[in-house]
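What follows is a set of structures to go through.
Presented sequentially are two complexes of chain A, the first with chain B as partner and the second with chain C.
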Partner chain A sequence: MDFYYGLLQIIGMHTILGLSAYIVLLTGQVTLAQAGFFAIGAYIAGMLTVLAGWHLVPSMLVAAVVSGTVACLVGFPALRIKGLMLVVATMAFGEAVRLFWFNFDYQRSKGEALVGPLGGEGFKQIRYFPENGWTTGEVATFVWIWVALIMAALWWIDRSRAGAVLRAVGEDELAAQSVGINLTAVKVTAFAVGGFIAGIGGAIYAHYTTHIEHSNFGVILATFAIAYPILGGLTNVVGTLLAVIFIQGFLVEGLRFLGDWRNLLFGALIVLAMNVRPRGLIDERAMLFLRRMFGLAKRGTNA
Partner chain B sequence: MKLSKLLLTTAAAALAVTGVSVSAFSADREVKIAGFGAKSGVVRSFGVNTEAVMKAAVKHINDKGGIKLGDGTMGKLTASFDDDRCNAEEGISVLRRIASTDAVVAVGPTCSNVAEPLFGILQKKVDDASDSGLQMPIFTDTAIKGGLAKISQWAFRNVPNETVMYQTMFKWLMGKHPGIKTIYGGVEEDFAHSRFTWYKVMKVRSAEAGYDVKGESKWLLNDTNFTTQVREMKKAKPDAIAISAHPFTTCGVLKEMQRQRVKPKLLIGLTSSSSLETLNGCAKQAEGIIIPTSFAPVTDDARAAAAATAEMGGSADLHSAAAWEIVLILADVMEKQGIMAKPDTLQADRRKIRDGLASLKSTAGLLGKIKRTEEGEATKPYLYVHAKTGEWAVLHDPSQQ
Partner chain C sequence: MDLVDFVQSITDGLLFGATYALIGIGFTMIFGVMHKINLAYAATSIAGAYVSWAVGTLLPLPALVTFVVAAIGGGIVGYLVYLCCFKFIPVTSPLATLLGTVGMLILIDEIIVHETNGMPQPYPALFDDVYFEIGEFYGIRGDLLFIFFLSLIATAILLYILYRTKLGIATRAVAQQPVAAQLCGISIERTNASTFVITGLLGGLAGAMIGASVGVLSPLLTLPITIKGLIVTVIGGLGSIPGAIIAGLLVGAFENFFQALRGVTERDMYVMLLLFAFLTFRPGGIFSKTTSRD
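Here is the complex of A and B:
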C-alpha cells in the first residue's frame, strides 16, 4: 500500500506544479520559470524545517510567499515581452535560479553532522516526515489536502470575474486592453500566484525526497510543468490533474515493466495524445459530455 | 444446475491450483532480491551491467543448490531489476514498489544523487519507533559518493573507498615519477560522484602527496564540446592531468586533448572510467591513463565472475562486479541468519538480513578480503590499472608493497 501512497504523493506534487503553470497559461503566457519557483520553495522550506526547526506548514507558507514575491519581481520585466522571447527569458530565469542553488552554501551543525544546502552536492537530511513519525498514508493525505485547496481556489477564480479577466487577456490582449483591463497587472498577478503555488509544490517535493540538488530543477522539470496543463487542456483544472495521472501514473510508473521500451513509448504516447486530443484531454466538448452525463446540462446546450 | 456445476468445477480447480502452489512453495521457496538502477540515459551501461552481474551471480548460487533457509529447506534466489533513470523521484518510487513486494532486500542504485534521497527515506536508526522511515535493507553496488551509508542503519554499500585509493595512488605516483610536480584537474561539475571525488578526494590527496594543484576546468555530464576546458588545461601547462568524469565526457575531453595536442606526462582518471565504455569510446586517446579500481580479472574468482557476466550479456567492471560480491554476501548472510522466505516472515527476514549485514566485519571479495566498517561501508582491495593497447592492464598492486 505504501507504494500507492507514494505514487499519490508524486501525482499530488506534480499536479501542484502543473497548476502553477496553468494560471499563467490562462493569460496566454508560456513560461519555463516554474521549475525555478519550485526550487525556491524547496530550498526555503527545507532550510526552515531543518535549520530553523520550524513546523512544516508555516515553512511551506513562507517558502510560497518568497517564491510568489520573486515571481512578482521577475514578472514585471519579463512580461513586457511575449511569445518565444518570453519562453527564452523565463527559461534563463529558471537556469539562473538553478545555478544560484548550485553555488549556494549555508550549513550549520546539527548534532554531529553539518546540515543545510551545500552547492552542487545538494541539501540532504530534509527528514521532517519520518522524523515526526508521519506514515506514507498521512503524507499522501497532507499532499492531497494542498492539491484540493489549490484546485478549489483556482476553480473558484476561474468562475469569478478574475477568471474571466485572465481568460480575456489570454484570448485577445488588444480587446482586453480596449475594455480597460490593465494587462501588466493581470499578467504579473497570474505570475505571482503561479510562483506561490509552485513554491508550495517545491516545499512538498523537498520533504518527499529528503535530498534536493540543483539538477532536480532543470529545464526538463520546467517542460513538464507546462506540459501538464497543455496536455490536460485549459478548460478547467481537472485537465491538469488528468494529464499528471497520465504522465506520472501511467507513462512513468505504469509502463516501468516495459524496461527500455518505456522511454520510447513515453514520447510517442504524448504525441499520440496531443493528436487525438489537440485541445487537451479535457476540452469544451469533453466538459459538455461530462455535464450531460451528470445531468448538469440539458441536451442542445453549447460548451 | 449448470451454474452450480460450473461453480463447483471452478472451486475444485482453484483448490487444486492452491494446493499445488502451496506444495511448490514449501518444496522450493523463492528468495527474491530486487535490483534497481539506471538503465536509461547516459549512465545506462551501469544498470545494464549490474543487472547482468546480478543474474549471473544468482545463477551461480542456484546452480550450487540455492541457499539453506531457517527451517532447513533449500530456497532458490531470484533477481529482478527496475530502471530508476538515475532520477531521485523515480528511485524512491521504485524502492517503495520493491518494499511492497516479497523482495527481502534491494540492491542498488547506480547514481549517488538517487542513493542520497533513498537512504534519507529509510529509518535512520533501527528500532527508533518515532522514526517512520522505510524499513528495508538496501545494499548498494555502484553509487560511490563518499560517506552515504551512514545516513541510515538500513543502508549498506559495497563500493570502494576512493579516499584511500587516491591517497595511496598519488603517493605511489610521486615516488615513481618524482619529476612530475604539477597537476591540473578536469571535473564533471554537475554529477555528485565526480564533483565530490575531485574536490574532496583527488584535489586534496594530490596536494597532500606533494603535487602543486594548478586549478581545474569544469564541464557538465551532458556536454559535448570541451574546447574551452582543454584550452585552459593547455594554458596551465601541468605535468599531470586528473580527469574526474564518467566515461562519456572523459572520452570527449581526451579526444579534444588530442586535437589540441595536449600531452601531459601523466594522465589520471576517475574510478568509474576504468570500464569497457571508456575503451569502446576512446581507447586510443585513453592510452596510458591510470585509474585505481577495485576490480580486474586477476584472480580465479574474478575471472569466473567476468565470464559468467559476459554470458549474461554484460561486462564486469569496478561497479558491476560489486553486485556479484553483494549477491554472494547476501546469500551467506541469509543462510547464517536463517531467513524463512515466507510471506508472513517477510519483515522479520528483512530485519535479519539488515542485522546480519550490520554485524559483518569482513567478507570475501573477488580481489580478496573486504573489510566492513560500522557505518555500513566497505574497504575493498584495489589495484592501479592503465589503458594499454585497448585493454585495462594491471599497473601496480599496492597490497604487494
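Here is the complex of A and C:
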C-alpha cells in the first residue's frame, strides 16, 4: 500500500509543478524557469523547518511567497522578450538558480550533527514527516489537499474574467493590447503566480524526498514542468493532471516491467503523442465531446 | 592569476569555442528557416559522433574519416528529427513541435545509453601529441588548433552553400519570406528538410570535434551542449550566422577564463550572467536585425 501512497505523492507533486507552468503557458509564454522556482521553494521550506524549526504549512507559504517574489522580479526584465529568447532566458535563470544552490553552504549544528544545505552534497535530513510521525497515507492526503486547492483556484481563475484576459494575451498579443490589456502586467502576474505555485510544489518535494541536491532541479525537470500542460492540453487544468498520470503513473511506473526499454519508449511515446494530438490530450474538440456527453452544452454551441 | 595563465586560458577557450560556434550555427539556421526551436539539435550532433564511434568499433577507420562519418551520421539523424517532430505537426501548434523535440532529445539520449550501457566511450583525438610552443611560456594544443581550423573550413563551406548555390538561395528565400518563396516555386517542405540535413551534417562534425577534444563521448554531454548552443544563438542574434560564430568564440573564451579564475563549479554561472547582460543591454544579440520576429 505504501507504494501506491508514494506514487500518489509523486503524481501530486508533479501536478503542482505542471500547474505552475500551465498558468504561464496560458499567456503564450514558454518558460523553463519552473525548476528554479521549485528549487527555491524546496530549499527555503527545508531550511525553515529544519534550521528554524517552523511548522510545515507556514514555511511552505513563506517559501512560496519568496519564489513568487523572485518570479515577479525576474519577470519584469525577462518578459520583455518572447519566443526562443524567453525560452533561453528562463532556462538560463533556472540554471543560475541551480548553480546558486550548488555553491551555497549554510550549516548549523543541531544536536550532534550538522544540518543545512552543503553545496554539491545537497541538503540532507529534511525529516519533518518522520519526526512528527506522519504516515505515508497522511502525507499523500496532505499533498492532494494542496493539489485540490491549487486546481480549484486555477479552475476558478480560468472561468473568471482574469482567465479570459490570460487567454486573450496567449492567443493574440496585438489584439489583446488593442482592447486595453496591459501585456506586461498580465504576463508578470501569471509568472509570479506560477512561481508561487512552483514554490509550494518544491516545498512539498523537499519534505517528501528528505534529501535535495542541485542536480534534482535541472533542465530536465523544467522541461517536464512544461511538458505536462502541453501534453495534457491547455484547455483545462484536468488535462495537466491526466498528462502527469500518463507520464508518471503509466510511462514511469506502469512500464517498469519493461526494464531498460521503458526509457526508450518514453521519448518515443512523447514524440508520437505530439504527432497524433498536437493540441494536447484534452483539446477543444475533446472538451466539446465530453460536455455533450454529460449534457452540459447544447448541441451546436462552440465549446 | 598572472598574465600567462590569463592569455593561455583565453586562447584554449577560443579554440574550443569553435565547436560552440558550429552548434550555435545549427540552432540559428533552423530557427531562421522555420522560426521554430529544435531542442534535439545538440543530441543530433552527439548522435552523429556516436555513429562514427560505432562504425569505428566495427572497422578501424583513419581518424580523419571518423569526422566525415560523424557528419554523415548527424545528417541522417537530423533528417529523422525533421520527420518525427516537424513534418507532420501542424504549423499552428508550435508548442507541440517544441515538446516533440524534447521527446526526441530524450529518445536519442536513451538509445545511446541503451547501446553503450551508459558507459562513456573513448573517442580518437587528432594531433593530440602535437604542442606548439610559443615563446617561453605559451603553448597551443595541436588538437584544439586542428578543431579550430576544421570548424573554420566547415563554416566556409556552409557560407558558400548558402550564398553561392541555388539550394542556398532557396533556403534564404524561405527564411525571409516563406509565402513569396513558395510563389516563386520553391518547395518549403524540401527546403526545411534540406536545412535539417545540412545542420545535421554540421552538428555531427561538431559532435565529433567535442568528442575528440574532450577525449570521451557520453550521453551526459547533450544537455550542457544544448544549453551552451542556445545561449550562443541568443547572444549572437537569432538567425544570424556571423553572430553565432562570434558568440561561440566569445562564450568559449569567457567560460574557460572563469573556469581558470573561479573553478569549474562556478564557471557556468558567469556564462549565464553574460547572457543576462546581453538580454538586458542588447536583447537582439550582437547582430540584431532592426525588425525582429519572435
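As a working rule, the second predicted complex is superposed on the first by the 303 of 303 C-alpha atoms of A that agree within 3 Å, B and C clash if a C-alpha of one lies under 4 Å from a C-alpha of the other, contacts with A are read in each partner's own complex, and residues count from 1 in each chain.
Here, a residue touches a chain if its C-beta (ideal position, glycine included) is under 8 Å from a C-beta of that chain, and two chains touch if they have at least 3 such contacts.
Remember, it's a predicted structure, so these values are computed and weren't measured experimentally.
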Next on the checklist: On the A-aligned overlay, A:Glu213 touches which partner chain: chain B = first, chain C = second, or both, or neither?
Outcome noted: first
Checklist entry - Between chain B (first) and chain C (second), which does A:Gly120 come into contact with in this model arrangement: first, second, both, or neither? => result both
Checklist entry - Should A:Met1 be classified as contacting the first partner (chain B), the second (chain C), both, or neither? => result first
Item to check | chain B versus chain C as contact partner of A:Lys187, first or second or both or neither | outcome: neither
Checklist entry - Does the superposition put A:Glu253 against chain B (first), chain C (second), both, or neither? => result first
Item to check | Partner touching more residues of chain A, whether chain B or chain C | outcome: C
Next on the checklist: So in the superposed three-chain picture, is A:Val30 touching just chain B, just chain C, both, or none of them (first/second/both/neither)?
Outcome noted: second
Checklist entry - After lining up the shared chain so the two structures overlap, which partner does A:Asn263 touch, if you call chain B first and chain C second: first, second, both or neither? => result both
Next on the checklist: On chain A, which stretch or stretches are contacted by chain B in one complex as well as by chain C in the other?
Outcome noted: 102, 120, 260, 263
Checklist entry - Given the complex with chain B, which residues does chain A contribute to the contact? => result 1-4, 6-7, 10, 102, 120-122, 124-127, 129-136, 208-211, 213-216, 252-253, 256, 259-260, 262-263
Item to check | Residues on chain C engaged by chain A in the complex (per definition of touch) | outcome: 31, 37, 39, 84-85, 88-90, 93, 95-100, 102-111, 113-114, 223, 226-227, 230-231, 233-234, 238, 265-266, 268-269, 272-273, 275-276, 279-280, 283, 294
Next on the checklist: Could you list, by residue number, the parts of chain A that touch chain C in their complex?
Outcome noted: 25, 30, 77-78, 80-85, 87-89, 91-93, 95-96, 99-100, 102-103, 119-120, 218-220, 223, 226-227, 230-231, 234, 260-261, 263-264, 266-271, 273-275, 278-279
Checklist entry - Which positions of chain B touch chain A when the two form their complex? => result 39-40, 82-83, 85, 88-90, 92-94, 96-97, 99-100, 113, 116-117, 120-121, 123-124, 130-134, 151, 189-190, 192, 195-196
